[in-house]
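There are two complexes below, and they share chain A, which is joined by chain B in the first and by chain C in the second.
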Partner chain A sequence: MFPEAFVLLLLVAFNAGSSLGKDNERFHEELVVRPLSGDHVNTYFQFTTRWHYGEKDNLYHTQLTPRVIAELLQQFAVKELHIGLTQGLWRYETWGYPIVEATSGAEMWAWFSGSNLTNGEVDRQWKELANVFSGVLCASLNFVDNTNSIAPRHLIRPQFMPANGQRFVRYSTLPREIVCTENLTPWKKLLPCGSASGFASLLNSGHVHNTKYHSLGLKVRVLCEDHDEENCIVELTQTANLVYDLRLFELSNNDFSLRRLFGMGLNGFCELADSSKIYVQRNEQGERFQLVPAPTQEVRSTRGGHSVVYSVYDMHEQFKDAGERLFNVAWLSPKSEGRRRNLAKPSLPPVTVHRYLLGHGQERGRIVTEVTNSHYDALPIMVQEVVPWYVHAYLHTLSIRRKPQRVNEYGRQRLPFKLLHYTPGKQRELPSHLEIGFMLPGQTSALITIDVDYLLLKWLEYPPDANHGHYIGAAIVSSQLPMGRNYTALPPEGHLFEHSFNATRPSYVLSLHTEALIVSLPTPDFSMPYNVICLACTVVALAFGPIHSVATKMIIVGRQASAPKNFVKKIFNKIFRRGKAGEEAPAEAEGAVLGAAAAAAPLGPSGFGSSRASRTTGGPSGDQPLLEDLDEEEEEQD
Partner chain B sequence: METTSSSPVKPRRKDKEEDKFRIGATVAFIVVIIGIGVPMWWRTTTVYRVNLPSSAILSLSETPIKTAVQVAIYTQQPSRGQLLIAELQSAFSDSEIWTVEFKQLSPTTKTQEAHTPAALEKLLLEENIQSVGDFMFIEWPKLQEELLLTTERSALMRSDTTSNKIAQLLNAKILQTYRINQILSTDERMGAKSEAPQPAYDVIVSVLNPKPRLTHAQWNIAMAVRTYIEPWLAQVSGVSNYTVRSQWKYRVSIEADFKQVRDQSKLGRHYALQESSLPHLLTSIAQNLSASTTDKPAINLVVYIPPCHTAPLHIYNSKGQRLTRNGVDAFISPPWGGFIIANPPEHVCLAAVSDQQPVPYHVSTTDNMQVMLDQLHKLLDISSELQMEGVKAVDIEQLEPRRWEYEAYLRRSAIRHIATASSTLQSLIKLLDQISYIVIDDEVGAAITNSYSDILAAKAALLEHRLADASMMAKRAFVASERGFFDASLLAQLYFPDEQKYAIYIPLFLPIMVPVLSSFNMLRSVLQARRKEKQS
Partner chain C sequence: MDPKFFKLLLLGGAVRFYFCRTPLAAMIGNRVEFATPLNSHKRMQEGIFLLQSGIDPYQGDLVHESPLILSALSGLFKNYPQFLPVFYIILDIFTAALLYTMSRRFVKQKQDQQNVERKEYAKDTEELQFSCLDKLDIPELVIVAYLFNPLTVMSCIGMTSTVISNLFLAFFLYCLVKGLLLPCLLVLAFETVRSFYPIVLIAPLLLVFSRSSIRRGVVISLLFIVSCLIVAAANFFVLNSWNFLDGTLGFIFYFRDLQPNIGLFWYFFTEMFEHFRTMFLITFQLNATVLYLVPLSIKLRKEPLLLATVLVALMAVFRAYPSLGDVGFYLALLPLWKRCWKFMAHGFVVFTFFLVTLSMMGALWHLWIYAGSANANFYFGATLAFSTGQIFLITDLLFAHVKREFCLFNGQKILIDGEEARIVLK
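Moving on, here comes the complex of A and B:
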């Protein structure tokens, strides 16, 4: 369905040795600013380190590439690694497609390739890899294991070289992960200049985490000439994709500037960077703004019949003269526009997706994924779902219904599958993994539904804050677009943003993430086990007491020789006797037992009974009043 | 009780018959609850623990670690040899650590004909096979010093060298008795107790260039490391494995105050780094030295290239004296690593000060690598620094350390591994005795048992003069003991201590136990009654 192999421009000719003697290593920093509709601004940072390290032995000695990446390639058979840490949801309808895709929370996938790799070995390495990056990025990636990882069959394509050998892929998402400044700081430490200079100095946590959407990305891939792995390139791409909402700045107009967005101007470029450029989109939403200072360079990119104009600021030129200063770019909107909201309706991207949950109660539900094709022609669509093990999906209920885009209700019309791959989940071991492919006719929406049951968890399996609910990770929807409208992703063979300029191809692989879902599983009261133990123990103990008494004790009625007949006297007598009995009890009890035993001696087996009786009547036990009451009642009956 | 006479009523016949069953029921309750119920509850709620050789481990320290060494002595007159041996034997007879076995080598015609000490040494070493850790003294009359240590397992001695001197040399350099005592002493005040060598280390050479735009320092660090450090580490990797990595780090600022000091150089000034601020300096750079994917401990070797506006940089002590020796400003901080300040050459900084284009230059490989090797020697604690009067050692010609030095290191680490492993196991056993909710699963149990048997085997090997085996087994024992002690499964029950177990089950046991226990009393009285009946 999709082209299997990418044409990779492998051995890019490297420039002759630069001033710092790093003749086989290149670092680039790029910043793309795109005004979006609805008073939003998208800023995209990309830091690319490319190291032509040749043989594997050279990985012991690193310069610009962080050491941890080199160690990663030595320790694991990993050839490609993607990690995304995202907060917020990308709105495809209004913002178009992002330059890099990400789902909210943490997402991670990796390709493994090597000789003598087995599935078990890959599972082990995958878990270790997640643990390593959990430490490197301070994220909870250590929760990645077999219970939430799948091996995608069709949807995730390799971007490493050579990819034609034996290869394995693992994919996992942690939608619950919250991305914050503790992830940004170690992420910045992986850059050669850190946050000391260059574009990374703009990424201050206070301003980054004020955004509507922010996504940190890390991508590592290895490009080797052949299977001998003697002539290899490792490419580390770090991306930060932010969407600012200008309305939050509370300005009188829609003007904004780098300083406004990031809290400070740019203090220069990273000395180790070969290029350091800012790209500002000038057409579409960018038309409204005037740039100060005026750009010196302009690039027009036509890709798939769609033109985009970028203004370019080269930091190496801006900071050619020595001296400390800050660089700032301001976007000024025409005065007439004023505070008015930008209501210009954006052009709808060709494919949009949504996902939601149907059903009520805590037992049954239905996961619904809706894909809309607003292009005039049919598009191939692929959907990958990962359903966690605590949700049972039923394959026989899977169906795709269709409707024309302008109609509200879905009819009975079904779409046939072109491809279906399903791995059923296993409780506490494997998630369900579903991949389906179909052709979606033009101007049509498809509704993919599958029925699910929710399972009861063991009480230790609930996460902290269990009433928050359990997440079902986002589905990935992939397609192939025949045109480049709204499409800004880098071509797979390129590694810089500028490589996407004029990169016209027969088709463009698009992949979108839907929303993540929250299901509320039945949540118990967590002090319950203790309560149950205590309660059960008490009930057993309560039952035990009488049973024990009945089985081992005998009630013997003692007769009272002279009982007062008068009611008042009776009560008086009772109080008086009780007090006396309490005082004399110990001695009397002892005496009574002995006496009774002696008296009972000739009676043989009955001795036990009599001694019991005397103890009961003489002792200070709680049974006494009851016995007396019985006596009296008997007497009265007599 | 005058008003009432609650005289026992005669039980009816039916009751009498039922008494049998009552007693039976009472006994049955007692058997079921105390005989079956309580043990079952105890067993099902108890913490899982594998059987461990606890008492054997606790008595490990009763048998001291004793090492056997063979020392051969070659003299030209056998009588002198005998005398020396007798004196030395008495000197070492009361040692608790050593069993030194002296062996006399008599001169043969071949040895008489040897013209150089080297030839004689070669001849003797060929004839008398030495095992690892052994030593040999060879008499050579025309020697300048009293004793001359070679790079092999031998020393040359003059004809007038006393046995006292030889014993001193053995204790100080070959056997290093004082250091072994330090390792074995349980006294905390002895101090100077470094950690036991780990089985694997990452040696990370980091070159810090804080201002890459202004300082165009070039250095093929990969080549330098391959030529200097890797071959040397390969020679000493008998105890630990070393992986050497190097990295460049840019824009790493060090947080310390530099004081400008006027001087006579062309730059007219240099900068002073106070000795007292060195720890802060290490803290500030350690966080920037990048994470690692392994859990191996790292030895950091940092080369710092100061930017020209704070160069040249020298270390000063608190009395204001400059501590530069032979043009080297460096320090170590075991076990973290070493730090070298590689000041740029004068002409580079002169150009920088006069605002010219930065001059590219090469960092000197030989200077820095020699310092680095020396630092590594000290950090790994292989060489013996002790100076003795009248004793000289032959200078090292190759990269590998002197053989007797290295074998002393082997012996020392074996003893340290055994001592550390035994004390780890002993503390673990003591902890287990004190804290009853520590889980010992099969894996940890196996690690502890293996470690224990390896300790015994290593001790035996030391006594039997097999240093290589002892070193290997001691290391294995050390690794296993650490794994056992630090295993996460030990703490599985951390949040469910015994007190909670009792607290939860008290509502069950208190109401059940009271009638059951009190029924004992009843049984007793029945028995008494029966006895009385029999007597009467």
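Moving on, here comes the complex of A and C:
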């Protein structure tokens, strides 16, 4: 009786557990389409898996969450992880702010938390973590190590709920990374439905990589209730942010559709998804388009005094009736508009950033970061710079100059730092890490400059195309906006795009990436290491030989060689003498030998048979130079 | 001290002051030939700035000046930056004055020695002996060679810390000639902890102060080690960390910065195969320190100042981060050996080498770094030729000294079978 009851109990428990698991693991897919100014269209995919796994042991049984993410939490003390793989540059001035920030190339940062964590241990885990995702995403993240990682002090804030224990953060960018198909495919494999159905089926590399800007993102965070390690949620957010340039479609008008953008219509929704929705922005640039099919639902979001209207297509409703078909949405511009470019100027976002290099030549330069505040009020600005080790930055040259936004040139007016954190870099070991904070008055631009020297590297440290230049990663500029204009990012506590609707807060944390820079370092000649080594050693030998002979040899008075005046005869004489050198040596070297003042043994003057001193001066004895007869010298040596 | 001496000092200061107000000063401060990672003014500023901001300057690898100098100058750098050029000029003038007094004394010593040995000299060697006029001429030549050498002038207006090194070296030589043991030791220890290579100057110091007894030599060596430790400890207490040792001595020894300079190291170690690097590093550092130390100290044991001159010169050629300021310093010591000049055969060659390579360097640097029409080999060639020229000069001086010594006692005209003979080394 007892065993049966036990088995029954187990079964019940198992069923309960599994049903709990199903309930506590949810997957959502969202697609946001925002027409941007200048005939651009931003499409943003977000796939969110949220799993209330409870305690750590449950991580062994994964369902929707990819196994690698669960294993990650078992192996590392990582609590939050962001990876971005991006190609292209987001244009803040014309496109506004993106929903998810990313910098060109690969970018990665992670928060570690746990008891008994040390800096060394975090460094180790960080490197391993990068290697894991290097494999998972087929990106060169394995190049992330201490030489390009920093521990940001102020700028990167955690978005997880810190359990007890210390927090560590590591940040790194690889601006040289090129993002392509090989990253998209493994990225799609992390999705529960893969690329077979759902929104992910729209992401075909042929179309994705034709865009002006595309950015793949992956974000993992762990939320533990009440600092309790036993009651945790893991949240995996995969994002794909694309910007299409409609002009590249070569259409007669500005109409576009899902099929036009992605090459095919939507074949349905992911069956594992709890929700599957398309949001289409209808105001601002989206206002002029007419949607086909007409949307059934409309959402108005007012956030920080700024309203946005979205039309919503719920895929679960669209595909309610069974049957094979593809879903497509078309944006039709008014006929009158025709082929004309959309020249409507967008409203300038409150904060914009730019970065560039000053100076020419491969010796030194100046990194300039320009931050413009077009808001009427002062804004707090924080800037984080990572200067790689192959560029020396001089902190004492750091300055912030300001000018009113309308004026063209910067004057001598300076802005004081409110905050400065600097870790100097070390060649081949550490990058320089600079974080500065200041208040930027309204309608003002700030010009942050720092002088740098370009280093000459060892010849094997240059990448294959050495004259392509070396990258300096983008700076991150962060601010807190008092209003929500242009601001579309998710609130930190939300995990779906729809959580940003009506999410009015006292302030909105904005973080922007500047352009990455490319510096051309001086290059050595790669073709002649042997020659250089030989030549340098020759010069050393040029010193060594004579100094050695001065120090060790004796002074000899030799007969003045009667050299012929005629050049030809001279040469003949040379050849003749060389031929007979063996025989003539004794005769030539006759003369007096000075017992050199050196204590070192005189190098044996061999074959002084017939030599004789022609003149013996009464040489002083002792330390004074002594003129001796050669015969005696030879006897001594014998 | 004659009025001419002060006039020269004033004139030297005026020349420097004039040039430090021209745009040339900023340009020189950025030239790799003058400003190396060790001595550049910009790095000194950075070090002082970091020190004042409470960041350990040796945590990064931009600053390689010793902590004592940084903290000593930090007040000046912060409060009176406009007086910095004047400060460097004063230091340089002081160096010149020290060299002048040193050489006066040296000539006097030489003349005394000559008076003792005179009867042993050969007959026709008056022109090889120090004359009465030399007492005035040689110090004047030394001071002119220091004050009006374009290399030292530019090094001074570029505000490189070579000016400080030169001052210490001049003070060392002064104490050496004057016979002041303790200041000599201290200054040498300070320079050794600061830039490593001056350690070789312990040889002339030992030759001067422990001529007779070995025990005295051992005591002096021990004293030197102790004073090095004291200096290191003093440096330690500036920041309470030993990081500076790796930042100064370690940086010099391991040659971490490959920035081009006039020496032999930079391109050699840029192009070096990684698995040979350590070996060649040790070889080159030995070459710059002990390789010539022992044979030359034995050979020149009776001429400690010549030994010091040659060692300073070899240091300027073979050190890891040489600058033209170092070259200017040892060039100013050459007039001390005016009586050897007769035997220096390569004067013209060396002068041409210097002139051509120094003018080529600027052009080739521009072609490589800015115009992009030349590559590193061109500049390397110029620095290589410059080093060769310097080596010719040094070996020439050594040969000339040996020949002079020989001729001084054996007469300048040596005949074999009635024919004029030549002096060779065998």
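Everything that follows uses one rule, which is that the second predicted complex is superposed on the first by the 502 of 638 C-alpha atoms of A that agree within 3 Å, B and C clash if a C-alpha of one lies under 4 Å from a C-alpha of the other, contacts with A are read in each partner's own complex, and residues count from 1 in each chain.
Quick note on the criterion: contacts are C-beta pairs under 8 Å (C-beta built on N, C-alpha and C of every residue); 3 or more make two chains touch, one makes a residue touch a chain.
Computed from a predicted model, the values in this text were never measured in an experiment.
K.L.:
With the two structures laid over each other on chain A, which partner does A:G135 touch: chain B (first), chain C (second), both, or neither?
P.N.:
first
K.L.:
In the superposed arrangement, does A:W459 touch chain B (first), chain C (second), both or neither?
P.N.:
Second partner only.
K.L.:
I'd like to know which partner A:H548 touches here: chain B for first, chain C for second, both or neither.
P.N.:
both
K.L.:
Should A:P66 be classified as contacting the first partner (chain B), the second (chain C), both, or neither?
P.N.:
A:P66 contacts chain B only, not chain C.
K.L.:
Looking at A:G494, would you say it contacts chain B, chain C, both, or neither? Reply first, second, both or neither.
P.N.:
neither
K.L.:
Contacts for A:P346 in the overlay, against chain B (first) and chain C (second): which applies, first, second, both or neither?
P.N.:
It touches nothing on chain B or chain C.
K.L.:
Where does A:P424 make contact in the superposed view: on chain B (first), on chain C (second), on both, or on neither?
P.N.:
Only chain C; A:P424 stays clear of chain B.
K.L.:
In the superposed arrangement, which partner chain does A:G194 touch: chain B (first), chain C (second), both, or neither?
P.N.:
In the superposed model, A:G194 contacts chain B only, not chain C.
K.L.:
Where does A:C534 make contact in the superposed view: on chain B (first), on chain C (second), on both, or on neither?
P.N.:
After superposition on chain A, A:C534 lies in contact with chain B alone.
K.L.:
Please write out, lowest number first, the residues of chain A touched by both chain B and chain C across the two complexes.
P.N.:
533, 540, 542, 544, 548-549, 551-554, 556-561, 593, 596-600, 602-603, 605, 614, 617.
K.L.:
Hey, which residues of chain C end up touching chain A in the complex?
P.N.:
It is residues 30, 32, 42, 45-46, 48-50, 53, 55, 57, 59-62, 120, 122, 256-260, 264, 266-274, 280, 284, 287, 291-292, 295-296, 298-299, 302, 314, 317-318, 368-370, 375-377, 380, 384, 387-388, 391-392, 394-395, 398-399, 402-403, 405-406, 409-411, 414-417, 419-426 of chain C that touch chain A.
K.L.:
For the complex, give me every residue of chain A touching chain B.
P.N.:
Residue list for chain A touching chain B: 19-21, 58, 60-64, 66-68, 70-72, 75, 132, 135-136, 186, 189, 192-194, 196-197, 271-272, 530, 533-534, 537-538, 540-542, 544-545, 548-549, 551-554, 556-562, 573, 577, 580-581, 584, 588, 593, 596-614, 617-618.
K.L.:
Note which residues of chain A are touching chain C in the complex, please.
P.N.:
Spelled out, the residues of chain A in touch with chain C are 360-364, 392, 394-396, 420, 422-428, 430, 432, 453, 455-460, 522-525, 528-529, 532-533, 535-536, 539-540, 542-544, 546-561, 589-594, 596-600, 602-603, 605, 614-615, 617, 619-620, 623-625, 627.
K.L.:
Give the list of chain B residues in touch with chain A in this complex.
P.N.:
Against chain A, the touching part of chain B is residues 1, 3-11, 15-16, 18-20, 22-23, 25-26, 29, 204, 211-213, 216, 218, 221-222, 225, 243-248, 250-253, 288, 290-294, 360, 504-505, 507-508, 510-512, 515-516, 519, 522, 525-526, 528-530, 532-533, 536.
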